[in-house]
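Look at the two complexes coming up: chain A is in both, with chain B in one and chain C in the other.
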Partner chain A sequence: MSRKLKINITELCSKICSGEIKCTNIIKSCFNNIKKIDVIVKAFLRLNEECSLVKAMQVDNKVKCETSKYGSLEGIPIAIKDNIMIKNETMTSASKYLENYISPYDATVIEKLRRAGAIFIGKTNMDEFAMGGSTETSAYQKTLNPWNTEYIPGGSSGGSAAAVSSGMVPLALGSDTGGSVRQPASFCGVVGYKASYGLISRYGVCALASSFDQIGTFSKTVKEAALLASIISGKDYRDPICEPLEQINYVQNIDLNILKMVKIGVPKQIFDYKIDNEINECFNMALNKLRLEGTNIIEIDIPSYKYVPALYKVIMCAEVSANIATFDGIRYGYKTSNGTNIDDEYSKSRAESLGYEVKKRILFGTYILSAANYYKYYCHAQKVRTLFMNQIATAYEKCDFIFSPSTLQMPVKIGDKLSEECDIFLMAANIAGLPGITIPYSFSNSGIPVGMHFMGSHLSDKKLFQVANAFEKISGFDIDKYPNI
Partner chain B sequence: MLKSELNDVAFVAKIFINDVEKERYLKSINEMLDYVKILLELDINNLEPTIHVTKLRNIWREDVVKKCSNEVINQILNAAPEKEGNFYKIRKVIES
Partner chain C sequence: MFRYEVLIGLEVHMQINTKSKIFCECSTQFGAEANSNICVICTSQPGVIPILNKKAVEGVIKTGLALNFTINRRCTFARKQYFYPDVPKNYQITQFESPLCSNGKLSIIVNEREKIINIERIHLEEDTGKLLHKIGGKKLNYSLLDLNRAGIGLMELVTKPELSSPQEAVEFLRELKNIVEYLDTSECNMEEGKMRCDVNVSVRIVGQKKLGVRVEIKNMNSISGVKDAITYEVQRHKKILNSGARLVQETRFWDAEEKVTKSMRLKENILDYRYFTEPDLVPLYLSNCFIENLYKQLPELPRIKKARFIKNYNLSEYDASYLTSSKMIAEYYEDALSNLDNKNSVTKLLANWISTELSAKLNASKICITKSPISSKNLSKLISLIQNEIISGKIAKIVFEEMYEKSIDPEIIIKKRGFTRISDESVITEICEKAIIESPNAVAEFKIGKKRAIDAIIGLVMKKSKGQADPKLVNKILIKKLN
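Here is the complex of A and B:
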């Protein structure tokens, strides 16, 4: 896809369907771009060039027939995080454990995108089993931030963020357990959306922490995120937490009046944290812009905010230790050749194929769930979760959306560490099952984007898109600007 | 966390760790425990724990065995590191 093609996905799709633009040309140019850019950025783990071109030719042939019916993403290339199953394709979750695993079925989101006519051009890099915030724990490669390659792209869905940000692909999917879509989207200057818990089926997605996990989208604009959400959301009996809702159309026209009608809450606890200066400046500018549009901005009080990273760590690791227990080296995945008995075989299969971060979280989670610690840490953290959710519910009695910078910190250089609190505003959405969206706002002095975050109440996704749409319009961020790479 | 506790946890979590790794894990896990201790300052015994943010519903279906195509059976079995016929091959579970 030509990066200079300054049209949105819906227009591109209708030009493909009318025969004005050949899908084959779009896909060829998409792969030409990837070949030039991904040598540096390393966003993709695997590409699907041959199948994508065959699919593109089928689309072009379909166009010749007058009675053809088209999906709303007919012929549009999309990248998929490598923890989402595409039938008959390898899915590694960036782990050596799943190096040779072939997905036996499509994830629900893939089924839906397939029906909409999307073309899956490749699988993107991520932190191993989505455990990390930099994409550096991948067992295969480190993805670089396209805006400044000395820096991390964020994570865990760093490959998807970098692929969209650098214009290699217009859309991508990721998964978000504690900010894993929105944090890399913010670091790479694209729109990152995480749905309300239960809105999008996770069937066919490799689980991390099941009470937090949701699918998320990457796109250049809010409208495209809304389009993707309209396609992939909706009930699915194969994911027991999926809400029994019909598919909703989230795509709406931009209406700046919405900013006059909503009340935006800013948690006063934001100011308890050390926020990077450049982020703080952008945040204040963004608040001023909202005020100029007539938005009513109020201070809200959520005293338990400071417990968010700790409670996230306890519950996430506990759920990780249970979910990753399924990797035993028997039914699929890596099996050691050094085992002496069944226990030794399990232990060595896991030890030899899982990375340090994954094993650390399993061990911590197992410890937390042991009889001596279950009530002290795990059960207690769940009660803190209740406290936090009660306080969030009280806050939403006073405001419609909670607004904050996406992160406390700018991305760090490859090899350096982000603080534990960096993604605190993003984790809050996962803990309470709320929808969140990050919108690129400006650039730092080092040329890296800064994002702002809106969080809505449960299942307020449609209104969230409306507000985000309007905010994107007033932000002044140039979406046609691409990294010089 | 003590070294003996790490040994126990590694055994039940089925992760083999050597002595050099043990020191590194102990340091990291103890740092994590220090970090999450902040939660313990809250006296919230009156609150119910939140396990899931939405109500989980049972999804029922008839308990009927469905025919599975050979393609699917083969695909699932072929993913296994070792198999014999239509079975996974594993080491003896109960030692004599």
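Here is the complex of A and C:
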């Protein structure tokens, strides 16, 4: 698909279904585009050209038959983060351990997208097992920020963010455990949405920290994020955490009046942190724009925000240490060739195939869960989590949404490190199981996008889309602008 | 020499009787081809999530209710972490802080005295797979892994250390097995590994407050093994204590071939399982209604059944105990009884035949009563033949042998072999006359007042009639003739 094609997905889909545009042509131009751009951006780990073209031809044949029924994403290409299972396709989670692993089943979201007619054009790069915020811990390649290739795209779903941002694909899926969809979306200037915990089935997503993991979407617009959410959300008996809700249509028309009706809370704790100047300026401008629309903006107080990075790290690493334990070289995945006994085989298989960041988190998680430290760290973190959630709940008695910059920092150059607090407002949503969406707002002087973040209360996703829709409209961000690559 | 007190605690693992595994839809069928009952969940492929089997929860709660447990209304699951190839996730999903059942008890009877054993908890967990290190007798230089068993639901029951002898431990296990079989919540088949047991043993000098050093024995797969292991271990403790040496806290295993316990790991090496709450499973909230409903489903339990048998069937304590010692025997008895017309007069006779003749036969051929060659229907026919005096007790035994061998209806045997009772007075009179002539000594003794001498003559009559003569008629005719 030409990135110059300024058309929304629903329109494109109906043109494919009416035969006005050939799906084959869309897919072909999509791959032509990828071949030009991805040499530089390196967003994809694997492409699925042959299968995608076959699928596209099937769609075009279907169009010839008058009685055909179409899904709401019929013939639309989508990129999938490489920690989501697509049956019979390789799934590496960007780890050497799973280099040759073929998914034996479809994730629930993949099943649903398949039914909606989407075409899976390839798997995108990520931090190894989603551990990282820069996509640099991938065992395979470093993805670059399409707006400025000296900079990181963010992570862990950096490949999906870069693919959508550079126009290689209109939609992508990622997973968000501590901001892993919204942070790279913000860094790459696209819309990134993470659902309420339990809204989208996690079945078939390689687990990082089970109590935080949610699937998220990448798109150019809020409306497209809502369309994707409408398709992939809903009850699933295979994920006990998944709420027993029917499929909801999240797609709504833009209504600026919503901004007059909602109360937006801004945590006063924002100003306790060092925020990049350009981000701070954008944030203040955004607040002014909201005020001009008649939005009631109030200050809220959530004192335990300061514990967010620590408690996130403790709980995440604890769950990581158990989740990653299954990668032992026994049943599948990397196996050392020179193990002398079972324990030696375990340690060598893991030592040789897992990256530094993964090992660091396993060790940290193992340490804090040991009998001697369990109460001091893990148990304590769970108590603080409850405290934090209670404070958030109190805040939602006064406001409908919590508004903040998506990140406290602009993306850094490849090789440099972001601060621990950078994603604090994104992590908050994971810790409390709340929905969050980042919307591109403006560009920095260096030409890199800046995003703003709305966080809603649990299962307020529909209203969140409404507000985000309106904010997108007033932001003035040119969604038709693409990086020059 | 000191007097010692023995404290024993048991940890019993029982496979919950469900069609599918605890967190996936795989079959729990025993003896299936290796790795045929497996799926993406129980082999721990990336991205899978456990889904709790409601039937397994129900099985544990029913067991808990039968053993007077408190059922916790909010339960959580935990991950117990350790690396071993038979645990595909390298952690086992179990319950740690809030198990399904807390504080139950079981009454056992040892040496005719009742003793109440308190049970700490029953929790739900998943079974592991099986590793195979040899085929036949041949040791392999690699290991084979069968994950058919991985993920089958287990209930683990943990007693307080209140058992004080191997006999009590055996009695506890027997009673538990019996109750669970009545409930049908586990098959408790130790040979198939459906019931397994770890034992904690400590020995202290009588009067000492502090507990003795605790040793855990693993790997027992028969009740007799538990008995032997405890007996061995108690002796070992006493010997060490008598010699003045110190015991070490450790985990040992029972070597069934050598009949000794051997050290597995010392206390310092006890694993740190790094338990934490299972984030993939939501806490389980159990409503009163759900629990009451399960309570209503409980069958009549062995102790109550036994009391009913004594009261309603007028049975002895011994017979009632035997008949209720397993659900299958009790069912067999009541089935047979239901086929009989004059029930009240045959309850004891039927009980006797089951507890003596039938049980001896079944034990000798190691057949379970559910597969008895003599069906309950055929046994009740035999009883009714005896009751109606169509055959004598003696003949009945011969018929019984043939019934057991050929698994056929007693009436067919009687007809074929001409075993029907002779009640024709003239035929019996003829045999009696012959017998009197052949027993001059007995006749003489009878005439001088030794009335018991008649028995010898009756015996001869019965022998001559191949046991078919009606004994009452024989008695009547002989007395008439001799007087």
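Simple rule for what comes next: the second predicted complex is superposed on the first by the 485 of 485 C-alpha atoms of A that agree within 3 Å, B and C clash if a C-alpha of one lies under 4 Å from a C-alpha of the other, contacts with A are read in each partner's own complex, and residues count from 1 in each chain.
Going forward, contacts are C-beta pairs under 8 Å (C-beta built on N, C-alpha and C of every residue); 3 or more make two chains touch, one makes a residue touch a chain.
Being a predicted model, the structure only gives us computed values, none of them experimental.
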{"item": "First (chain B), second (chain C), both or neither touched by A:Val314", "value": "first"}
{"item": "Which of chain B and chain C A:Ser93 touches, first, second, both or neither", "value": "second"}
{"item": "Contacts of A:Gly433 with chain B and chain C, given as first, second, both or neither", "value": "first"}
{"item": "Touching partner for A:Thr366 - first (chain B), second (chain C), both, neither", "value": "both"}
{"item": "Partner chain(s) touched by A:Ala107 [first = chain B, second = chain C, both, neither]", "value": "second"}
{"item": "Partner chain in contact with A:Met85 - chain B first, chain C second, else both or neither", "value": "second"}
{"item": "Which of chain B and chain C A:Ala322 touches, first, second, both or neither", "value": "second"}
{"item": "Which of chain B and chain C A:Tyr203 touches, first, second, both or neither", "value": "second"}
{"item": "Contacts of A:Tyr374 with chain B and chain C, given as first, second, both or neither", "value": "second"}
{"item": "Residue contacts on chain A - larger count, chain B or chain C", "value": "B"}
{"item": "Doubly contacted chain A residues - partners chain C and chain B", "value": "101, 104, 211, 237, 240-241, 321, 325, 328, 330-332, 342-343, 346, 366, 370, 382"}
{"item": "Complex contact set, residues of chain A against chain C", "value": "83-85, 91, 93, 98, 101, 103-105, 107, 202-207, 209-211, 237-241, 318-319, 321-322, 325-326, 328, 330-332, 342-343, 346, 366, 369-371, 374, 378, 382"}
{"item": "Contacting residues of chain C [partner chain A, same complex]", "value": "40, 43-52, 79, 81, 83, 85, 88-91, 145, 272, 274-277, 279-282"}
{"item": "List of chain A residues in touch with chain B within their complex", "value": "101-102, 104, 197-198, 211, 237, 240-241, 243-244, 304, 306-307, 309-311, 313-314, 317, 321, 325, 328-335, 339, 341-348, 350-351, 354, 356, 359-360, 362-364, 366-367, 370, 376-377, 379-387, 389-390, 420, 432-433, 458"}
{"item": "Of all residues in chain B, those that touch chain A in their complex", "value": "1, 5-6, 8-17, 24-25, 28-29, 32-33, 35-40, 42, 44-45, 47-54, 56-57, 59, 72, 75-76, 78-82, 88, 90-93, 95"}
